[in-house]
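Labels A, B, C, D, E, F, G, H, I, J, K and L are assigned to the chains in the order they are written; within every chain, residues are numbered from 1.
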Amino acid sequence: MIKPIYILNGPNLNRLGKREPKFYGSTTLGEIKNSCNELGQSAGISIVFKQTNLEGELVSWVQEASDAASALIINAAAYTHTSVALLDALQMLEIPSIEVHLSNPAAREAFRQVNYVSPAVKSGVFGFGAIGYDMALTSIIKTLKQAN
Amino acid sequence: MIKPIYILNGPNLNRLGKREPKFYGSTTLGEIKNSCNELGQSAGISIVFKQTNLEGELVSWVQEASDAASALIINAAAYTHTSVALLDALQMLEIPSIEVHLSNPAAREAFRQVNYVSPAVKSGVFGFGAIGYDMALTSIIKTLKQAN
Amino acid sequence: MIKPIYILNGPNLNRLGKREPKFYGSTTLGEIKNSCNELGQSAGISIVFKQTNLEGELVSWVQEASDAASALIINAAAYTHTSVALLDALQMLEIPSIEVHLSNPAAREAFRQVNYVSPAVKSGVFGFGAIGYDMALTSIIKTLKQAN
Amino acid sequence: MIKPIYILNGPNLNRLGKREPKFYGSTTLGEIKNSCNELGQSAGISIVFKQTNLEGELVSWVQEASDAASALIINAAAYTHTSVALLDALQMLEIPSIEVHLSNPAAREAFRQVNYVSPAVKSGVFGFGAIGYDMALTSIIKTLKQAN
Amino acid sequence: MIKPIYILNGPNLNRLGKREPKFYGSTTLGEIKNSCNELGQSAGISIVFKQTNLEGELVSWVQEASDAASALIINAAAYTHTSVALLDALQMLEIPSIEVHLSNPAAREAFRQVNYVSPAVKSGVFGFGAIGYDMALTSIIKTLKQAN
Amino acid sequence: MIKPIYILNGPNLNRLGKREPKFYGSTTLGEIKNSCNELGQSAGISIVFKQTNLEGELVSWVQEASDAASALIINAAAYTHTSVALLDALQMLEIPSIEVHLSNPAAREAFRQVNYVSPAVKSGVFGFGAIGYDMALTSIIKTLKQAN
Amino acid sequence: MIKPIYILNGPNLNRLGKREPKFYGSTTLGEIKNSCNELGQSAGISIVFKQTNLEGELVSWVQEASDAASALIINAAAYTHTSVALLDALQMLEIPSIEVHLSNPAAREAFRQVNYVSPAVKSGVFGFGAIGYDMALTSIIKTLKQAN
Amino acid sequence: MIKPIYILNGPNLNRLGKREPKFYGSTTLGEIKNSCNELGQSAGISIVFKQTNLEGELVSWVQEASDAASALIINAAAYTHTSVALLDALQMLEIPSIEVHLSNPAAREAFRQVNYVSPAVKSGVFGFGAIGYDMALTSIIKTLKQAN
Amino acid sequence: MIKPIYILNGPNLNRLGKREPKFYGSTTLGEIKNSCNELGQSAGISIVFKQTNLEGELVSWVQEASDAASALIINAAAYTHTSVALLDALQMLEIPSIEVHLSNPAAREAFRQVNYVSPAVKSGVFGFGAIGYDMALTSIIKTLKQAN
Amino acid sequence: MIKPIYILNGPNLNRLGKREPKFYGSTTLGEIKNSCNELGQSAGISIVFKQTNLEGELVSWVQEASDAASALIINAAAYTHTSVALLDALQMLEIPSIEVHLSNPAAREAFRQVNYVSPAVKSGVFGFGAIGYDMALTSIIKTLKQAN
Amino acid sequence: MIKPIYILNGPNLNRLGKREPKFYGSTTLGEIKNSCNELGQSAGISIVFKQTNLEGELVSWVQEASDAASALIINAAAYTHTSVALLDALQMLEIPSIEVHLSNPAAREAFRQVNYVSPAVKSGVFGFGAIGYDMALTSIIKTLKQAN
Amino acid sequence: MIKPIYILNGPNLNRLGKREPKFYGSTTLGEIKNSCNELGQSAGISIVFKQTNLEGELVSWVQEASDAASALIINAAAYTHTSVALLDALQMLEIPSIEVHLSNPAAREAFRQVNYVSPAVKSGVFGFGAIGYDMALTSIIKTLKQAN
């Protein structure tokens, strides 16, 4: 049996739909979670979908995924740009991982060009809004199915 | 009725009065809290005064203020200089917000010249020590009174 | 009827499959083209798939897409990092556009962190190898179908 | 008897009310002067309120304040960001001094992040518009009263 | 009737013809003034042509032009590279303005690549020597005639 | 007899009138060509007016002008900011040359502050829109007439 | 009686032994704790040995050590490179403190050259692997014994 | 039989002998070609000697050399300093390659210190003028002879 | 007869003796002037000794010296570090010039390492306090005597 | 038998005890040598302890250690921050090596943050004063004993 | 008669053949010396071939060559990247000089991109291993023969 | 009796008079030594005047001066810009010290703007050529006489 897929979300994503809609659209994180769960269900893989504002908790969940998950999707939000601790945790992972961003960070402030997540993951999906989660999840399910 | 004013304090401010007195003076955070409560009371506005060492908890409180407060005063201490997550949370706020610093960061180390709070707040009070909280609070109460 | 989708490829991609396999895998550009054509065919949308080593020709094709295409997928390869001319051409486009990279540029040299394509496109797919084209194309076909 | 308080204003502030209202509001410098004079009068302290476009004249007035004033409030406007001469003059002052800015420079161009006034003053009030003068003056009057 | 055109000149331009001829040629500022006056006269528009070594006086004249002039031509010389005060004054102008430089600053020292005038004017004429004033003035007269 | 004047245009200028009108206006390159031809005709000097998206072709034309032209006007567009090859070609020219830009690059992105054309030409006309070509051409014709 | 020695460990150190063995070796944090406890026991000094992934919790423990400990050993891991809050907490300490790193950060990425712990501690032991804890502890015990 | 040696030349080298003689001397590219052909002939190895102003064509020729040549000598001229596409093409080569520059770039402008060719070739010959081609060719012929 | 020697002093030097004695000592500018006049008198050369806080006035005096003086000694104080206008004026001088600083700027803030005076003068005397004026003046008198 | 341990000391360490005691304490280098010799003697390993002010001699001794020593302890003092030659010599060593600094360089000037020794040694001991030599020597003796 | 050719070698080159063979190969410096002597002998020119680890001795030998040699070949090794003293010595030479490096510094660390030798020599040979000395020597002998 | 004055000279100054006369003039170091000896003799103070090309020897002499000299004059030449070891030695000196440079480094290359001598000496004399030694020596003799 395939272990669950972890989908981890960083700070302020719990406010999605309320927050700066010109960058992130009006979909809420709950709606994204539902969409991911449906995709997982139809593939017979369970989804662990969490959000936290705490950098250290995000680090702990990545560590947890190392043992408990078959793959990781991460939208680290602001911690993408400041967390070396997250980079260290991701570099210990041996399961496939994908970075998702709702908007395209390249079109934003200079300090968002610093990225501690990208060097530690194999691939990324940027700027598709909520659809990006589906794209990443579909791709990772396909990979897992092929490997099992 | 006017919603409470949130006054949020970042890391190490719980040690105020013990910490590097040449920068911050000998007043404790408890004394500042009392002074703010008195000002609030005489204006008939309740004050929510909190401190945390956790970046993510500070972010959560700013989100909470977004719904529950009429205005925000924030002394983010060290997170002022490192927290993009805090910037993101503050940029979602639609209530008036003021930044307070006990000392004048301009007279300190280069890395304290980076400031992720300032670009997201409308105004700031620096270098007045504990008095700065009173100045910010007095100003914000006046604004709120005028608008109601 | 829906206009064709342009898929444009920059310098050295004609050597795909021979070139530094640790970054790009062993799939050839011809195989990617076939896969894209199949996806297009089954959606009833024709695909214009081209490659060039000339910066100026890439610019001309983006201009051409402006009139002739319903959407653009671009893997500008090395010109991603050096071509302001390409940025200018992409900023004139009013059709949806997606950036694709076979590898994750974040894990490579510093000069590949400069990106003149990202700021001008809405979204991007990085590090999925040849699959990235399919993901981008699938997403764009869905968008076009919904809009027509 | 308490010596007067100097309130010095730098270049272009004579055009206040006409100039880029989104940053500075519509109050004129004359109105600010009146408000300051009223505050001074009710405290029994005379106010010397001046404006100049000349860097060297601003320097001379700071020197003059060194002998003639009990405290200094300064809004150096553009010279804040370019005048080492002003820094030198302020560093010679032994009376209390406060920096005022109508807007929050942190939200503006990079060259406005350079500040030669802040390192030489004890405290600052930013982004409160014309009210900032009142806040600084009220605070300084209180300090002077306590010391006399 | 059309208000006068202001032509303002910064530091050391009073020494034109004596100063580093390889950059600026041997024409004097008086000769340039005469040439401008002739052009103005034949167009029926009066010219106000001034020079100063004082940054603050240049700022005051730009402010004055705001009310008294129909257009502004400015050669700020060295203040081009150091004066934020001048930038602030120019950004308040609502009349057309042109920057003139006798030489081409791009061929000179690195510190002359900083330019606080360019971002605040609509257009510029560089490296034509004394002829540049005529070109700017001719262009601005044509614009003013069309608009009246 | 006077050799022709070369007027060379870089990438994306063939799309003029369609492209980001807030920077460049709505005049097309064809209209500019016509205007230049008229000016040339009335002066009895033929005009060679070309555009290309290819950096190398622009280089070749500058080389060609070296033998075939009496003067050069160049709007290198995006290659202004990236082409050392163009700089090398221009530095070999011994005929008078003028740089034209429709908009004022100083008001745009940081990477447009890098300029490889300016150091190799004697003069420049920026931010006059299509009129800039006329100004440059008028000036160069006058110079050529005087020299012949 | 001598107060306990605090030994604090930052993010991801709970995964020691699993994580990138080429940098950190295969010893686990539990084994290090045991070794430290033995050293403490034989010296008659109790050891408080803790690990956290939360920056704020690390800050709180440093504050706690300020009152409760006779000395501090800290391996802040990734927070070494990003936490100004930790620097502030350490600068308040008046007890001896030593920084430990398992590997030598000088041989790693550029962002690991930034260090907010070093300026606030008196001494450091780098690159000895798990032995480094013993070296630091032995040294600090000797110092404490001499002082008591 | 030994495959031909490719000798590729970048932009403006077709003007050699006319261009800035203080850097490059008065030998023409045709004369260099003849000298190389003679060296090749006497060694029984054919020489493919080409020049282009087009970055993309240079890239294509390097790709072509990958299959058709036994070794590569490249003087990329200005593209040395700007072409990531060229770097990518050279990194795919598995045959020996040498970089030649007529002058010593170290004695020229700062932007010529950036070099995208050097990291991808094994060796280089700088500042010997036209002789440098002979030195590189002689060396490479000797290597090829030894290996065959 | 030998023309006078100009000794020009920049901003805040009028406060000498009161200002930051650890850098500048307790001698006043009047005392320095007297000392210089005595040296001049005994050499039969008149001294023009002036001070101003205005950058533009300093520029004008340098221009004046160009015609009226046989040599120039300048202590530009803070304008040393910010005034391109002063650099331009000094570069027009054809008489000998010496830079004097009371303290050694190398031991002070980073922004005092920028120096627009040094590149335009032949020699300098730093860190001798008031004696530095005498040293510079003695040296220049000797030079003038030898040349006359 | 175990080869000797080399302990090499760089410039100015011969003055230890006289030099800036706030950074280095009052122990002399002779006393450190004695302490090291005692440790060596009791372990039955001879110590070669030397000091030089010459960068090249330090390089030669490191080379010598390569053949003659079983391990190296180095306090390169100022050459730590400037000597690439030392880095090259250390990178050739195949015996264990430890860097010692009496003070903690992190608390000193920016140019002392550059370190050419650290990347070439496995471990380091900073800021323990003279004790640091003992700690390094004790650790290296233990390692050598275990390996023999 | 032709004066000898000096071939000077910097720090650590005495260890050639033992040191990091992936960069420098296994040839020893003695073998290179022999090869150079043979080339010299057959040309009837004596060779002075020396190596030192001391920067100052290298400087002295370059000075010596100024009088005693007809030409200079220098491989300054690590001092290439740090020695301004060497640059000064080389800039005084009036005889032809060539820089040799065994490996290609462009493929190594960032601090090896700084080069104080290149700007002072006319030409260079990089990355040919020991053969590079022969190439440089052959070329310089040819030049000397032609000139005599 | 007053101890001797040390006058120390760095690399390449032994070649003075031969070396780049446009920067340093044609006086030799021997002539400067004679002039200094005469000044010393007439003051009854002996002069120790030395030159070396070795950084470490210069360091040793500064140490020696610490015990044996009453004052130090140093022209460190190129080591001014690279020697932290020299800075460390100078910072240990407790006798008066003056820096001399024959030319004005401010008018030369960027790497000569780095200065490790200035921060450790009290005063400096730049750009007076050989006369600068006399000026420094005269000044220091006067100081010593006054103190004895």
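Here, a residue touches a chain if its C-beta (ideal position, glycine included) is under 8 Å from a C-beta of that chain, and two chains touch if they have at least 3 such contacts.
Note that this is a predicted model, so its numbers are computed, not measured.
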In terms of touching chains, how many steps apart are chain J and chain L, taking the shortest path? 1
Partner chains shared by chain C and chain J (touch criterion as defined above): none
Please identify which of H-K, A-C or K-L repeats the interface of J-L; the criterion is that more than half of the contact pairs agree. K-L
If you average the CA atoms of chain A and of chain I, how far apart do the two points sit, in angstrom? 64
If you average the CA atoms of chain F and of chain H, how many Å lie between those two points? 32
Distance from the CA centroid of chain F to that of chain I, rounded to the nearest Å? 47
Could you pull out the residues of chain F that touch at least 2 other chains? 54-57, 82
Let me know each pair of chains that touch one another. A-B, A-C, A-G, B-D, B-G, C-F, C-H, D-E, D-I, E-F, E-I, F-H, G-J, H-K, I-L, J-K, J-L, K-L
So in the complex, the part of chain D that touches chain E is made up of which residues? 10-12, 14-15, 18-20, 52-57, 77-79, 81-82, 111-112
As the complex stands, chain J meets chain K at residues 54-57, 59-60, 63, 66, 82-85, 87-89, 91-92
For the chain F and chain E complex, residues of the former touching the latter: 104, 106-107, 113, 115, 118-119, 121-128, 131-132, 135, 139
